[in-house]
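What follows is a short report on a single structure.
Order as written gives the chain letters A, B, C, D, E, F, G, H, I and J; numbering starts at 1 within each chain.
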Amino acid sequence: MADASLLETFENPDTSGYVIEHTTEEFTSLCPKTGHPDFAAIILRYGPDQSCVELKSLKLYYHSYRNDGIFYEAVTNKIRDDLVKLMSPKWLELITKWRGRGGLHSRIIATHGEVPK
Amino acid sequence: MADASLLETFENPDTSGYVIEHTTEEFTSLCPKTGHPDFAAIILRYGPDQSCVELKSLKLYYHSYRNDGIFYEAVTNKIRDDLVKLMSPKWLELITKWRGRGGLHSRIIATHGEVPK
Amino acid sequence: MADASLLETFENPDTSGYVIEHTTEEFTSLCPKTGHPDFAAIILRYGPDQSCVELKSLKLYYHSYRNDGIFYEAVTNKIRDDLVKLMSPKWLELITKWRGRGGLHSRIIATHGEVPK
Amino acid sequence: MADASLLETFENPDTSGYVIEHTTEEFTSLCPKTGHPDFAAIILRYGPDQSCVELKSLKLYYHSYRNDGIFYEAVTNKIRDDLVKLMSPKWLELITKWRGRGGLHSRIIATHGEVPK
Amino acid sequence: MADASLLETFENPDTSGYVIEHTTEEFTSLCPKTGHPDFAAIILRYGPDQSCVELKSLKLYYHSYRNDGIFYEAVTNKIRDDLVKLMSPKWLELITKWRGRGGLHSRIIATHGEVPK
Amino acid sequence: MADASLLETFENPDTSGYVIEHTTEEFTSLCPKTGHPDFAAIILRYGPDQSCVELKSLKLYYHSYRNDGIFYEAVTNKIRDDLVKLMSPKWLELITKWRGRGGLHSRIIATHGEVPK
Amino acid sequence: MADASLLETFENPDTSGYVIEHTTEEFTSLCPKTGHPDFAAIILRYGPDQSCVELKSLKLYYHSYRNDGIFYEAVTNKIRDDLVKLMSPKWLELITKWRGRGGLHSRIIATHGEVPK
Amino acid sequence: MADASLLETFENPDTSGYVIEHTTEEFTSLCPKTGHPDFAAIILRYGPDQSCVELKSLKLYYHSYRNDGIFYEAVTNKIRDDLVKLMSPKWLELITKWRGRGGLHSRIIATHGEVPK
Amino acid sequence: MADASLLETFENPDTSGYVIEHTTEEFTSLCPKTGHPDFAAIILRYGPDQSCVELKSLKLYYHSYRNDGIFYEAVTNKIRDDLVKLMSPKWLELITKWRGRGGLHSRIIATHGEVPK
Amino acid sequence: MADASLLETFENPDTSGYVIEHTTEEFTSLCPKTGHPDFAAIILRYGPDQSCVELKSLKLYYHSYRNDGIFYEAVTNKIRDDLVKLMSPKWLELITKWRGRGGLHSRIIATHGEVPK
């Protein structure tokens, strides 16, 4: 089950302002209505403040959605919220791109703070 | 027959402002003059307010146009209007791209509110 | 309903042996289990003997599947059989390529006689 | 009206055996059923014997189909026959590729003699 | 758990010999050593004899591997064996393409009978 | 005026059998009927025997066609013949590719001896 | 130091004959003359007999070359030999592709047994 | 071990303002948590002031990270800091692009001063 | 001056038969007629017997042509001959691809023994 | 010889302000120092005022440079000047792109008036 306690941080080695981007093409959860699997790519971009999310813990956190029935919109906002709460970044952008289901494919974009171009 | 009552919503899980995009390449309706089938891709983008359109209901709603004789322009504006009435989104953009007929292919763009770039 | 009587022929203007190829990317029928629409491209290639299929009648014949619930495999073989019965061509190849449904996309290949490379 | 008398030849400057290929993407004729314009590319390849088709006359000959209502299959075979009659080449291949009409696009291949790979 | 009893067939509508190909890019199982998720595309091609695998049942069968810890090689051979046992096809080819893990990405190819080019 | 006496050779430094290929995209001559300029690319491939064509002399030889009114077919065969006479190569292939004129573009292929793949 | 004892096998789940392919683009060793790092992609293909190489152990085995000074040719043959000794496969092909050094880039291909196309 | 003393400079031959860019696709270090190798491309862009980094010394400096266990974020900021301290450039941008690990691939962007577009 | 004595070998670590390929895109020599620089890519492929050419020595050997005035054909055959004499390989193929001069660009292919596909 | 009297105009059918662009890839003249042929593409863009250049006359005007020995820069400025004198356009841009000679290829840009982006 989706578990934000899996997320770990390490101290930001540099607070002068820089950009971090982590991308996966291997996210999967379940449709809350049909129970069928959904597949997505996730692009995370943020400007770190005091801490950074540790990469392996991020991977395990993403894996924890594997058997959850949850809407695209809810996944996207929950991940955004969990990461903002964890790190209090200067800004953060989370994009989920969902492979098609029933001929429809979707993209959800959630942000926190002022996202630079 | 095109049936807006097929559309369902769920409560927006997050009202902090984000973007939803649903795309299909499998829309079909009939030409009102010749009865011949028309084929289109539809790109829907919107900023949700209190509610979001449920994905499976959107698919069935699109399917309900299958045997309707209706102009490109009418399809595009009716879908825009049905979705705006359903969800009262902050903004919404609907683009239909029609495969060629008689050597002409068309694109129709309808919007509601202030669409961000 | 799929209707082979829509197909018309015209006399082959030349019997010295040549190749005809007609392609559409706008075929649609229904899934016999769920009633949901299926979308396909169809590639027809044949070597005509005494007669050729008339292009507009072929289009209308393809359209007649629009509201039929029928398996991919059955569509492919039925079209192959209807066209072979209509024209008795020297050889014929029919390929259907189906857009994805539930994450699976399919291709069916049916032939008649000796298909040249 | 299609007029084979427009075609001119010049004496083949070399009879040791070589290959000539002329391609146009600017052929147009009319549909014999609807009167609507059809557009095609034409690829002509041949092995000359005593004579070669003169290029400007070929262009004018192609232009002479502009207002003829004629089937794809008939166009292809007629051009092939006119050129074979004109030049008696060792071999000849004529391919017409037709832009879509009603969602169908076609390719017709007619040959004379043994066409090399 | 991987469950071959999910697979259903329907009677082959035509036994004159044709080719069926089903592709998914949404297969996932678990690594038997680490428990981490694996992701694969699967290409299935076969020549049907008396029966064909039903598409929705194939999708559910693929989904049943979701929480199984199983090697790439074992997945590939098991799917091949289950489908051969189900349908007794004239021939069958199953290819799995696995997204990278630890910097290595893999492809496994299993066949049954004489696979045509 | 096209002048084969411009061509020079040097002694083949190695007779064990190898392949030479020279390509230009800057050939120009005149149309013998209209006087308008024609533009071509020329690909020359050959297996040298006792001598090789010197590169600068080949360039000047090609330039000597600049103001000649001459058919595509005649150019191609004359260059082939001049080079064969000059070098007596084991084999030779000459391909001319002509830019479009009046919407037609052409390719002429002339060979000498057994051309390897 | 390169250490074949890191390699582990598991029992081949199916001996009816199939193909396994593992690719990495993250191999690095050192030049034995200058000590500078070399980088390569490695493509391993084989037909398993009684056993298969376990994927994680293969990764660790590749990593064990990290600080070895060793020629391209020796790396390639040693990996081939270690894997053949480990698994006694029906056949095996190992290709290493080395990024450039001093403007030269290289590819080494080593095989065992009869490699299928 | 990462060693900034390896870096050397030479006097900037021109102080009127220009841009220097050095790219490598052959950076490797170790994961500080697992000890497994990480692979990255590094893009360095800067506007030189009084001095420029010497190219061979930059290569050796990058090589000195080979056996260090260090986070992506720390690598990126340390290289940026070492180069800024070395050269005091007008501006500098350092981008690291990391090959995937556990299905995640990352990009880190660190800057100094006002980076032009 | 081109100097075959720069070439060094090392003992072939494996005589079971494999393939080595070295490519450079940085070869330059002078035109023997005009003194202008020529630029080429060189692809060397061979099957080693008792010895292999050492990579750094190959680079220096290629560099030694820098100020030599020499024909394309002579370069190609001399390199082939020097390498065959040095290593007595089972087979060898040398391809030189020359950038354009005076609008002509060339490719020369020299071989030794039976070159596999 | 380059002959501006070949240029003809027709009356501009619309003076509300629009853009005309004519491109050729078949321009050739001679190098004034060596007599060797030069090849260029020419892009002409202008905003017409009272008159427009007639297309066939422009082609013949370009052809009239065929045997002139003239520098790239002189060609470009002369064509610009001839066309400005002929038409007095609101603005005009003439770009010549020359195929390589001796490894250099060139582009010359001449303008008249205020050229829009």
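Here is the rule we use: a contact is a pair of C-beta atoms (placed from the backbone, for glycine too) under 8 Å apart; a residue touches a chain by one contact, two chains touch by 3 or more.
Computed from a predicted model, the values in this text were never measured in an experiment.
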Reaching subunit H from subunit D through chains that touch each other, fewest steps: 3
C-E compared against B-C, more contacting pairs: C-E
Gap in Å, rounded to a whole number, between the CA centres of subunit D and subunit B: 46
Centroid spacing, where centroids are CA-atom means, of subunit B and subunit H in whole angstrom: 48
Cα-centroid distance, subunit A relative to subunit I, in whole angstrom: 53
Residues of subunit H whose C-beta touches two or more other chains: 36, 39, 99, 101-103
Subunit J-facing residues of subunit F, complex: 25-26, 28, 36-37, 39, 59, 63, 66-67, 99
In the complex, subunit E residues that touch subunit C: 10, 12-14, 16-26, 48, 52, 54-56, 58-59
Subunit I residues touching subunit J - in the complex, by the definition given at the top: 36-37, 39, 99-103
In the complex, subunit F residues that touch subunit D: 33-34, 71-74, 76-78, 80-81, 101-111
